[in-house]
Structures are given as C-alpha cells and as structure tokens.
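Below is a structure I'd like to ask you about.
Here the chain labels run A, B, C and D in written order, and each chain numbers its own residues starting at 1.
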Amino acid sequence: MSLDTVKHASETPDSEQPWKELGLKEDEYARIREILGRRPTGAELAMYSVMWSEHCSYKSSKVHLKQFGEKTPENDAMLVGIGENAGVVDVGQGYAVTFKVESHNHPSYIEPYQGAATGVGGIVRDILAMGARPVAVVDPLRFGAADHPDTKRVLPGVVAGIGGYGNCLGLPNIGGEVVFDSCYQGNPLVNAGCIGVMKHEDIHLAKASGPGNKVILYGARTGGDGIGGVSVLASETFDDTKPTKRPAVQVGDPFQEKLLIECTLEIFQEKLVAGIQDLGGAGLSCATSELASAGSGGMRVDLEKVHLRDATLSPEEILMSESQERMCAIVEPQHVDRFLEICEKWDVIAVVIGEVTEGERLEIFWHGEQIVDVPPRSVAHEGPTYHRPFARPEWQDALQADDAGKLPRPQDGAELKDQVLKLVSSPNQASKSWITDQYDRFVQGNTVLAQPEDAGMVRIDEETNLGVAMATDGNGRYAKLDPYTGAQLALAEAYRNVAASGAKPLAISDCLNFGSPEDPAVMWQFAEATRGLADGCFQLGTPVTGGNVSLYNQTGEVAIHPTPVVAVLGVIDDVNRRTPIAFAEEGQLLYLLGDTKEEFGGSAWSEVIHQHLGGMPPAVDLDREKLLGEILISGSRDGMIDAAHDLSDGGLVQAVVESCLRGGNGARLVVPEGLDAFTFLFSESAGRAVVAVPRSEELRFTDMCGARGLPATRIGVVDGDAVDVQGEFALSLTELREAHEATIPGLLA
Amino acid sequence: MTARIGVVTFPGTLDDQDALRAARLAGAEPVSLWHRDKDLKQVDAVVLAGGFSYGDYLRAGAISRFSPVMETIIEQAKAGMPVLGICNGFQILTEAHLLPGAMLRNNHLHFICRDQKLRVENAETAWTSDYSAGQEIEVPLKNMDGRYVADERTLDELEAEGRVAFRYLDVNPNGSLRDIAGITNAAGNVVGLMPHPEHAVEPLIGTGKTDGLGFFTSILKKLVNA
Amino acid sequence: MARVVVDVMLKPEILDPQGQAVQRALPRLGFAGIADVRQGKRFELEVEGPVDDAALARIHEMAETFLANTVIEDFVVKVES
Amino acid sequence: MARVVVDVMLKPEILDPQGQAVQRALPRLGFAGIADVRQGKRFELEVEGPVDDAALARIHEMAETFLANTVIEDFVVKVES
C-alpha cells in the first residue's frame, strides 16, 4: 500500500483527488492547495473536508450566529462565552454551570437507538470537557405524525436510546419535549442537552499550550465508526483491495462513557490536565486541530500509537473515525504517569500519541513518515464562510393572511367540553409519561423537579440548597408563521417555565433546526430566527452561551418547520422555595397573570380542531415576560404562591388540567369579565401563567402585582374533583386523566 | 459510637453516592468500598447500590459477582454480616447465589421509572426492623431487569418461611412472580430489593417522601445495639 | 483460530416476553405460520490453541458458571467448522 | 413442527461492548486463551407447515426486515434437525 506522505504529495502535484466525493467545492479545494502551497495529502484532504463541512464549520450559519456575540447583554454571570465546547455561567457560591443543547437528527433517523444514544453521549462529553461533572440531561424531541407507521419505528428507538445511554451514565433526565408534526416525518429532531457543575477554578479550556506537553488519547479504542464518506479515500485513491464499506453508524457504549466520566473527574481533581477536548464529530481531526489552533504552539502526533479496534484502518480513516467515548488531553510531562495510573484504575485505555511543539504546524506521522503538515487554524477555525442568499418566501404573506381567528368556534358549553377533551388527549398535548417513565429522573439524589413540571431542577449544593433549573422549548408552528417572533416565543416560553419553577433565568443555549441553507426561503427563516433570538436575548438579559445548528432537515424539496429550540438555565438560591405545578390543596385561589387576547394563529386548538396552520403567532412582549418572571420568582421566594404553571400551547385550559391532574384536585373556574369562555380557555397569548395562591397570602400577592403593574385576575379556586367552568361545562378528573394519559400508550405501546 | 456502613463502587455503579448519603442521614458513618479491593475496611454492614455495573452486559450483576470485593462479601455475608442489595445490588446477590432466584428483563421490555408502592412483608430482617409488618411505603423504582423469577418450589419456600420481604402494591411494574419486590435470606441479614429506598430519604428530593430512610435506621439500631 | 459457539436460551418454563413480542408482531408484518418464538443469546468465542476435549471442558465450565445463569437458562456448546 | 433458527450478530466492524465486557472478564475468572468474544441474538422459530424453499424465503425476509437491524447486524437462517 502506498502511503500518501507530504513528500509524495509535493512530488505528485497533479495526482487526482476525490475532493468532490468528500463534499468539497472546487474553490475550497483550490484554497486548500493555496494554504499548503501544494496538493494536500490524502490525510490532509480528509481533515479539511470534514472540518470544512457544514456540520463542523458552520459555514452557512456563522454570519448570522455572530449576532449572539454582538448583541450580548450585560450579564455578570457569563464566565465563558460562545466558541468553547460549552458556555459557562456563574451561579454563585463559587459554583459555575455549563450547559448546551446539540442535535443528532440525521443519525437518529437512520438508526434511532444508536443515533439518539450517541447524541446523549456526545453532549455529555462536551460538558465533561469543560471541567464539569455532568448532573442532568434534557431531550427535546420531534417526530412525524403520531399515527404514522414510521413514527412507531423511530420514536420507541429514540426514547430507548436516550434512556439506555443516559440511565446507564447515572444522569437524571429532568426535561425535554415531545412534539408530533408530519413535517418531521423524514427528519425527526433529536436534540439532547446536558448540564454540568464545577467550581470556578475548575473550568478547563480546549487548548494545547506549553511545548513538550504530551497529547494523550484516552477512552475507547478507535474503530471504523462514522467514516462512511472517507472510505473513498482509502479505497478508490490509495488501495482498491480495502473494504469500501465502513459503517456510517456509530455505536455507543455507555458503560465505557461512565468510566470515562469518573476517570476524567478524578484527573481534574488532581489537576493533571493543561487542556482537554472531547472527540465528537470529525474525531481526531477535530480534536487535534482545535487543540493546536487554540493553543500557542504546534503539535506533533504519531498516529500509529492510537489503539485500534480494527487493525485494517488506514491513517486517513483513523483521523476521521467518529468512534465514541474518547477524549484527548494535554498533560505536562511530570503528570503523565499519574494520569495513566488513574486511567488504569478505571479500566480506561490511554496512550500518549504526541506532544505540543514549538512550531506553528500540526504535524501527523504514520510510522515515522509525515502525512499531515498544516497550519491548524486553517483547518479548525478558518474554514469557508458563505453569505448564502436569503429571501422571504412568496407564500409567507398568504400564510399569514390565513387568519386562525376566522375558524369556526365552539357555540356552547357542550361543544367547548368536547373540544377540551379533544385538546388534552391530542398527541401533542397528551401526557408524555409513557416516554419519560423510561428515563431515570432520581439518580444522583438531587432531583427537585422533573417531568411533568415546568422546568427540571437539581440541587447542586447539599449544605446551602443552591439549585439550577432548566426548561427547553420550541414551537415550529409559530416559527413557520413568523420565524422572528417564533424564535422569541420559544425563548419567552422557556424563560417563563424556569421562572414559574421559582428559579431566576440566567442564560440560554439553543439548537437551531432548519431545512437546507441552499434554499433562500429556508435561509431567510434562519436569518429571521437568529435575529429574533439575538434581539430577544438582549432584551431579556440572558446571553446565548452556545448552541448548535442542524441544517438540511429536509425531505426532497420540503423542509421541516423552522424549529429553533431554546434551553434556558436558571438558578435558585434555595431549592426549598421551588414552585411545583400541582394544585395540591383545596381552597387555593387561582389567579391568571397577564393579558389574554384573541390569539389563535399556530395554536394547539387550531391544529387539533381544524388541522389549520395560518395567521400570525401570538405577539411577544419581552418586558412583560420579564415582569411576569420577577413576580413568579418573588412570589415563590416570599411564600406567596403554592403552585404555578406557565401558559403556552393549549392555553389556560391545558395548564389547569395538568395542574389539577398533578395535584389530584379539581378546579372551579369563572370566565373573567370582558372575555368569552372560548378565548379564556384556548387563547395562546404569551406572557401568562396561572398561579395557586394560599388564601392567607391573597392580599399581599395582589398588592404586589398591582404595585408592579402586572394584570392578575382571580379566575377560580381549587376545589372538588372536576374541572368545572361555571355556566359552561364540567369534566371529572377521572375522565380527563383517562383522556390525557391513554393517548401515547395507545399509539406506541 | 456509630456503625460503619460500606457502599461498594463497581465500574458502572450509579447510586453509590446516594446510598452513602442515606447512611449518613440515618446517622451512620458511610464508607466507600472499591470493587478491586478485598478489604472491607472494617465496615459493619454493606450496601450494594444500584446502577449498571459492567454495563449490565451479559446479565445484570453477572460480571460484578466475580469481583474481588464480592469474594469477601460473599464469605462475610454467609457468616452473618448484614448486606443490602438495591436494584443492581439485588441482581448481584442473586447472581452470587446469596439470594435465590434470578432477575430478568421487565415483562414490558422497557426501562421503567416510577414512584412505587410497596408492602413491607417482613419487618424482622436486619434492614427492616424500623418498619412494621404490613406497612405500606412509597419509594422510587427504576430498572430494566426487574422481573423476579424462581421456580415454584423456591417461591413456595420463600412464602412459607416469610422470606418475601417486600411486595409491589397497586401495580406490578415488571412482571415479578407473586408481586415480589424483595426477599431476604433465611438468617435475615442479606436482603435484596428492586426499588430504591436510598432515593426516598429527604423530603424535597425525588418522590418528596422519606419512606426509605427506615432501611438505614433499622440497620443502624441493630448494629449500635449489638 | 477456532470458533466455539455457546447458545444460551431461557428454560422452557420461563416466560420470554422478548420472544413473545416478536411473535405477536409477526402477523402485523404479514408473516403468518410462526407458532412460537424464543429469543436467546449466542456467544462466538475465538479460541487460541487447539479445541480439544480439555479446552471444550473448560468452555463448558465457563458457560455453566458465567455465560449462562443456570437458574433460568440452558446452554449448548458447539464447535464451528 | 419444525424449528428454524435465526442467528443475528453485530457486523464485524461494529463495536460490540457486550462481547468485549465478557471477554475482559474471562481472565479474571481463570479462563485464559479466548482471544475474542462477540455476543449476538438467537431466535428459535417454531414453524407451522413444511419448511420448504418458500417458507425459508419468507423467514429470510422476516430476518432481514425485522429480526435483524441490517444497518448494524448480519444474520444467518438455519433449519434445525
């Protein structure tokens, strides 16, 4: 077999290379030749092609993502911003929290179990690489129509994969979403988020500095996972006798990852690393070039030292392999022995594969022969940037003009009742416990709130009861009607959910799921959504700490709804003050906070009753959201509210039903003056929540709302065993519970 | 003087910190034990905590059972040392033949996590004396391989000798024969169950109930009074 | 190197929900005529050195004490040619 | 009734953490000389009617579409005598 060395490449400038098969554009290949002053070797070509891919280089999205940095609000909490593996925020008492959401959409459609499992594995390693102990995971999910046969293949596999991996790592699952819409039929969205906790001084960054420091690869052996594309290099260009088919699917081993976590945390504790990076997409290519690029010097790697699972792998394939459960650390020479000892203790394979050098090049050798000699920045950070054309689609006006307010409304109590039952039993509004019961929410013994609460919450300090909360939200229907507003609504909802749990929202991460950036309409949606999100974060004072972009979620010409998913992280000084959603005691007074308007565009009601999507989404008022958040947080801190539930899709009636079922108590509701029963129950106006106030606190609470200028309307009382909308209809909890809980098992079990 | 309660960490153990916390909250001195060490550090009792030791590969508990620490534990348990196996710990105890029967994949084939009602059937074991016989408690349950099986003769024997220590109430979450959630050996020092009492020891956390604390106070009283 | 296979199946009297789930799904997928399905495990061992009686005896012991849990499972050891 | 066995194994290039865990445990249990272990699934199907070519073709299709996940697994269909 002929090795394509740097020397050989210099001597054979005209040798044909499969740059096209590797997804590079002609001008990109030309640029690589220009950077190197010669043709790239096969290994170099492999590295550039994967690092300059959309997935790794964000070439279509980065001109838009820039806004998150430019519009960053003043926020003292921010410790590490965009650009690292994950952002870090200060949560007080010397603690820092890192969190991030990522997508694993495409792999999960091909192989739902492994795709979702390795999605969890990847995000957990990102968090670990920041120096943090992972403490919880969340999983915002979107599938095709609930009754489509393929959903029965994809959903159970995805859920089992997330559970199978996350449960095995000992990470409580504290939240997420499950949404069904036929637009996701061929493109399910599997987003996964993780939260990690550390002390300020333990923050680690992915950079390689200090010439002479060793590069250690540790974790699983390297196999042929996820290198389907690059095998063209190995097979067609260099050696035709090789197997041409390498698996494009990565298989995860959560047990190995659990060992990797414990081992890495012990290594952190002894302060043995100078820099660290997880191996995710693009494997070693990414880890070595990013570490070297962020550091001060160069790096030399001897690739044959890598422990292999498959001895036939070529050096190009080793560089590209996406085998899971691996990390790369930069370690000062005097710490290497201890580092390897800790790995041995945890049965983790570790090997020194190279060192940081004085130079400025990333140099990779294969049995002594040089196969890579590149400026690392050119691989990792100086990939192409596209200014893709974007244009408001011509159908947008017609869509927005198709006002949901014109849809026929229920005429009497009986019809209202019927529609409420249809709503709470519809797949999107039904209980998701068949899914969430497959996730361990108790492990680690710090879970304060988990599903079906508004936000997940974990205690991070047993002595002081400091805690953090997280909620994730996104509504593709709203974003389709208006991507700018839709993105802000996702932000507002997650913000509101965190505040409703009693925690103060601090910062956000996002996962932007869109169709093909080559379609100007999709690119417009993307541009609008990022602009909306950046403006919204600026106004709310919650910086974007990091996130992920997933493009090409598209079947043929048809893209998914634009689906920006937002995760908001909050902090609570004392988890004892957390607010649950349950209406737990008869006699509690129910107050509706905020203004209710006739807003039905993109609503759950319009979907469930009329299969309609049109009009404008609910209006956003972020100052109002902020005020509502302050009231919810003060109310929880000062013991003025016993329960709170944010109002979002499904409107007031959905929230009341959930809180009643959770608490095992009914509610008597009175339609407030100035509203009709239908709007009262089904409107999806933003900036609202329903709270249960103990009688003894009523005056104090309403005074507070009055003084701060937040509309608070008494709408009823917790009472009986039915949801009773006076003068309209009553539905017993038994009937509601049956309707709410039977749907998902009926479709999937 | 308080008692020392050891909690073993195998590779893949997940609930060791929780079990240590529960022992501490009950007033005992928690001691971490490591799977590669035969030395039990003079503990008075051992908890085998939940998790996926060795990834639950092959069968849950099958690989851990052969670890060095288990050699000592098996020997000492036979000599009367109290041992509590929770979830994966229970699976290890059956694989090690310290308790009869075996654990299989849940009958519905899914991982299940829920607040589970139990009845304490035997309040005379080393780990249950702070409960009363027939008492109903609620603790979290979370597992993939929680279906208890044994042959009819063994089941009859367990029933006859009062060695069914806990039974599922309301819902049998995994198809366990005769609703068995946990059992004890004849001497009452070795107890195993699938649900997780260590997750129900603080009012705010998990289920919000403290029904599981009794396991740890029971053993503490027994050891301190001994 | 020689390959020895150990097949491990649940004892007939033990409920096998995995096998049942498969069997129940078959008619829905259009496969009729399968009266029963049992699902078990197959281990493929690559054995160094000769697979003689002594080696087979050791593999038998390994299956009995480790690969199978004989409380619930039966096993068969086979040499693959 | 005739028995048809479908053996499903992970493709050789796919990571098999189960098999690896078993293999790593063997030396500790005193079993040397096993170079590799792969763990797969064995399905025993009880087939009604004759196991002729048509029946086998159907079982093959069943294995391909349902019993095995051909993205990551290979399978073999065998008639047991």
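Throughout what follows, a contact is a pair of C-beta atoms (placed from the backbone, for glycine too) under 8 Å apart; a residue touches a chain by one contact, two chains touch by 3 or more.
Here the structure is a predicted model, which is why all the values come from computation and not from measurement.
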item	value
Which of A-D and B-D has more C-beta pairs touching across its chains	A-D
Most remote chain, CA-based centroid, reference being chain A	C
Rounded Å distance between chain B and chain D, as computed from the means of their C-alpha atoms	34
Cα-centroid distance, chain A relative to chain C, in whole angstrom	41
Chain centre separation in whole Å, for chain D relative to chain C (CA means)	9
Residue numbers of chain C (touch at least two other chains)	66-67
Where chain B touches two or more other chains at once, by residue number	54-55, 57-58, 66, 108
Numbers and ranges of chain A residues touching at least 2 other chains	253, 255-256, 347
Chain-chain contacts as defined at top	A-B, A-D, B-C, B-D, C-D
Of all residues in chain C, those that touch chain D in their complex	1, 7-9, 19, 22, 25-26, 29, 31, 33-49, 55, 58, 62, 65-67
Complex contact set, residues of chain B against chain A	11-12, 14-15, 17-18, 21, 50-52, 54-57, 108, 110-114, 140, 142, 144, 196, 198-199, 201-202, 204-207
Chain B residues within the chain C interface of the complex	58-59, 62, 66, 94-95, 100-102, 104-109, 149-151, 175
In the complex, chain B residues that touch chain D	54-55, 57-58, 63, 66-67
Contact set on chain A toward chain D in their complex	110-111, 114, 220, 223-225, 243, 246-247, 249, 251, 253, 255-256, 309-310, 323-324, 347
